[in-house]
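Once you scroll down, you'll see the structures, which are given as C-alpha cells.
Each of the next two complexes has chain A plus one other chain: chain B in the first, chain C in the second.
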Partner chain A sequence: MSTMLDQLKEILVSKLKVTAEQVVPEATHEELELDSLAVVELSLVLEQELGIKISDDELLEAPTIGDMVALMDERSAKV
Partner chain B sequence: MSSPSGPSAGRVAVVCGVGGYVPPGIVTNEDLTARLDTSDEWIRTRTGIAARHVVDPGTATSDLAVEAGRRALKSAGESQADAVVLATTTPDQPCPATAPHVAAQLGLTGAAAFDVSAVCSGFLYGLAAASGLIASGTAERVLLIAADAFTTIIDPEERTTAVIFADGAGAVVLRAGTADEPGAVGRIVLGSDGEHHDLIEVPAGGSRQRSSGIPPEPGEEYFRMRGRDTYRMAVEHMTTVSQQAVESAGWRMEDVDRLAAHQANARILTAVGDRLGIPDERRLSNIERVGNTGAASIPLLLAQAAEEGRLTAGQRVLLTAFGGGLAWGSTALVWPDVAA
Partner chain C sequence: MAGIDVAVTGLGLVTPGGIGVGPSWAAVCGGRSPAAVDPALEENPVRISCRVPDFRPDELLGARRAHRLDRFVQFALVAAREAIADAGLDPKTWDGARVGVVLGCADGGPGTVEEQHHVLRHSGATRVSPLLLPMQLPNMLAGQTAMEFGATGPNLVVATACASGATAIGTARDLLTLDRCDVVLAGGSEAMITPLVMAGFAQMGALSKREDDPALASRPFDADRDGFVAGEGAGVLVLERVADARARGARVRGRIVGYGASADAHHMTSPHPEGTGVEDALRSALADAGAGTGDVGHVNAHGTSTPLNDLAEARVLKRVLTSDPLVTSTKGVTGHLLGAAGAVEAAFSVLAMEQSLVPPTANLGTLDSRMEIKVADAPTVLRTDLTLSNSCGFGGQNVVLAIAAA
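So, the complex of A and B:
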C-alpha cells in the first residue's frame, strides 16, 4: 500500500502540474508554485479521491508537504 | 373543455438568432499593471485573461444590450419580438427595469419587457423565463438579451476583481416551435443557495443598507467576491448541474460536442471541464480576450463561436453557469442553423 506522501504526490503531479521531484516533505507551497486556487483544488481533490476533508485554510496554514501529509494522516485515521 | 394539456401543448422555445457585442474600449493586462500592484503573468495564471472590453464614460448597459439585440434580430431575419427579457446585474438605474428602454430603442415599444437578476447565471434564468413565455402562449417570439457593464460596479483599485470583470452583451431570439427541431430549448436545471449570499455581493445601495440609516462604509458600493470559496462552489455546482442537464436531455457526457460554460475564470473552466470529462478541444472559450462579462458571458461566447465556425449547426451544446446568489443553471440543446 502506498504511503500518504505517495498519494499526495500522485495528486499534485496528475492534477496540479507539479513535477514528482519537487514533492519532498520539506517543500513549501511557494517552492511547488501552489497558489491559493491550486490549494482549493487540492482540498477538493483530496475529498473526492481519498475521502479526506481538509479545508483550503488548513492546507494554506500547513507550511510544508510534510505538514500536509501529517494532516492527511490525522484526518484519514478518523474516517 | 380544452384538452388536458392546454392550447399550447407541445410548444417549446427554439433558438433562431444569436448576436454579441463588446464595446470598443480595450484594457490589456499591461494597462492594469500601470495602475495596480499586479503583473501580466499573475493575471494570466490566476484568471486566463489577457484583455477585456470596457464601456466609455456615459455608456450604459442598455447601450450594449441594444446593439447585441439588434444583431440577434438580424441573425434571425426578424425585426419584431413580442417580449424582451434582459438579464443583467448592472441595470441603467435602480428603478425602473432596463428592458423596456432597450425594447423602445429597438423599435419594440409595446412588447412585454422585464429584467432578470441572477448575476452570472442570468442568461440561463432568462432563458427559462423566455421559454416559459413561449410555452404558455404568452409570446410567439422573445428577444432574450444578457448584458452587463460590470466594470461600473468594480472598484478600479481592487486588483482581485478589476483584472477579471469586463463589459459586454449577448442575445438570442427565440420563437415558438417543437421539441424535435434543432435549437429547441428543453429542461433548464436551475438552483440557488442564499445561505451564501455574501460570497459574491455589492453590500450597499439596496434596501438593507438604506433602511439602516447608516451611510455605507467606503468601498461597500462596489462588488466583492471571496475568491477561494467562489472557486470551490463554482466547480462543485457547475459540475453537478451540468451532469443533471445532460442526463435530463437523455444524453451521455461523451455526446457533448461543445461546452459553453460561463467564462468566470480559466482555472474554474479547466476544473469543471476535467471533472465532466469533456476534452479541451470541445470547450468553447473567449475569456482570454473578453474577461468575465457577467450575465453576458454565455450568449457572447455562443455568438463569437458561431461567427468563427467553432460552433456549427447540429452540434450538441451544453450550457452551464454559476454566480452570485448563489445561483446556477444548465441546459443542453442542439445548435440550430443560425449565423451570428
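So, the complex of A and C:
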C-alpha cells in the first residue's frame, strides 16, 4: 500500500504538474511554487481523488509537504 | 502628430503552417492548406479547422507553467520567445520598464471556459477550478507575457475581433512614437477552435462547408468560396524606433510606417458593401506613411474567403490603389487566425519584402469575375518597398498597416 506521502506526490505531479523530485517532506509551498490558486486546486483534487476534505486555508497553514501529509493522515482516519 | 518609422527587429510565429517563422513561411509559400476535419468538432454542424500541428506546450513551456495557461497564452509565449531571440534581445539584461507588451485577441480562452462550464454542470460550482478566470481572461495574454519575460512597461490587450493583431501593432507604434517605451512586443494570439465557438460561427453561416475536401475550403477571392476556415496561433513582432534599432546594431527586417483605423458603423457582422470603412483606414494608413495611392506594390489582404468580405475588399483595392498591386491572402493556407491574423499577416508582409516573394493565394481556381484586382495564384517574385496588410473585424472595425522594406 502506498503511503500518504506517495499519494500526495502522485497528485501534485499528475494534476498540478509539480516536478516529482521536488516533492519531499521538508519542501515548503514556496519551494514548490504552490500559490493560493494552486492550493485551492489541491484542495479540490484531494477531495475528488481521495475523498479527503481539507480546506485551502488549512493547506496554506501547513508549512511543508510533511505537515500536509500529517493533515491528510488525520482527516482520512476520520473518513 | 504623424507616427514615426518603427522598426520590426524580431518575428515570432505559431501558425497552422508550423511552429516558428521558418515552417510558417514555407507553408504559406507552398500554397497547401493543412485544414482538416477536426475530431474535437465531431458533433458540430461544420467540422473543418486549421490547427497548429504538433503543439506540445509541456515541452515548449514546461509542464508546470503550461498547466496554468490557456492555449491562446501558450501560443503567444512561444511566438514571443522566438521574436525576442530573433531581435537579439535578452530579457535577463534589458531594462524591463522600457519594454511594453501590446497583444490582441478576439476572445480570450473559450477552451478553458467550456471545460469549466462542463465541470459546473456535471459536478457543481464547488468543483470549478480556481484557475478558470486567471486562465481565460483576455488581458492575461499581455500579463503572462510580461511575467515570462520581465517586461514591466505599458501592458495591454486590445480587442477589435479579427483586426486585433493589427490594432495591437498600430497601438504599439503609437506608444513608441510617444516615447512611452523603447521596445514593444506586439501581436496577437487566438485559440478559438472549440465546440461552442465553432457552433456559433457555423450558425452565423460564416464557415466553409466544404467537408469533402477541407484543404480546398479556404479559397479567398475564388468564385466558389463559401466561407472561412477557422485557424489558431499567434504572431509577435518586436518593434523599436528605427533610430534605436540602428544604434544598437539590430537587424531591421521591415518598418511599420503607417497605421489607419476606422469603423464601418454599419452592421454587427456584415462588412459595408462598398467598403467605405476599409477605404478610410487604407487612406489613413497611406497618409500616415506619407505615401500615395500609386506607391503600393503588394497587399496582404484580409481575404477571409467569405463571399461578402472578399468582394467588398476587392472593390476598395481596385477603387483606391492606382498601382494595381499584387494581392494575396495567406488565409488560403492558414485559415483565419481571427485575433492573431493581423499580426501573423504583418509578419508575412515583412517576409515578402525581405525575400522579394509574394506567397500565393491557395486554392484560387477562378477569380470572382466581379473583382478587378491582380491576385497571386502562385509564389511570385516581386520587389517592392511598400506593402499594405489589411484586417477587418466583426463589429465593423478596420485596420490597415503600411509596412515598408528595411
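Just so it is clear, the second predicted complex is superposed on the first by the 79 of 79 C-alpha atoms of A that agree within 3 Å, B and C clash if a C-alpha of one lies under 4 Å from a C-alpha of the other, contacts with A are read in each partner's own complex, and residues count from 1 in each chain.
Just so it is clear, a residue touches a chain if its C-beta (ideal position, glycine included) is under 8 Å from a C-beta of that chain, and two chains touch if they have at least 3 such contacts.
The shown structure was predicted, so the numbers you read here are calculated from the model rather than taken from an experiment.
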{"item": "Which of chain B and chain C A:K17 touches, first, second, both or neither", "value": "second"}
{"item": "Which superposed partner A:E41 touches (first chain B, second chain C, both, neither)", "value": "both"}
{"item": "Chain B and chain C footprints on chain A, overlapping residues", "value": "36-37, 40-41, 44"}
{"item": "Of all residues in chain B, those that touch chain A in their complex", "value": "45-46, 227-228, 231-232, 235-236, 267, 271"}
{"item": "Contacting residues of chain A [partner chain C, same complex]", "value": "16-19, 33, 36-37, 40-41, 44, 48"}
{"item": "Of all residues in chain A, those that touch chain B in their complex", "value": "35-37, 39-41, 43-44, 56"}
{"item": "Complex contacts: residues of chain C adjacent to chain A", "value": "58, 63-64, 66-68, 126-127, 129-131, 134"}
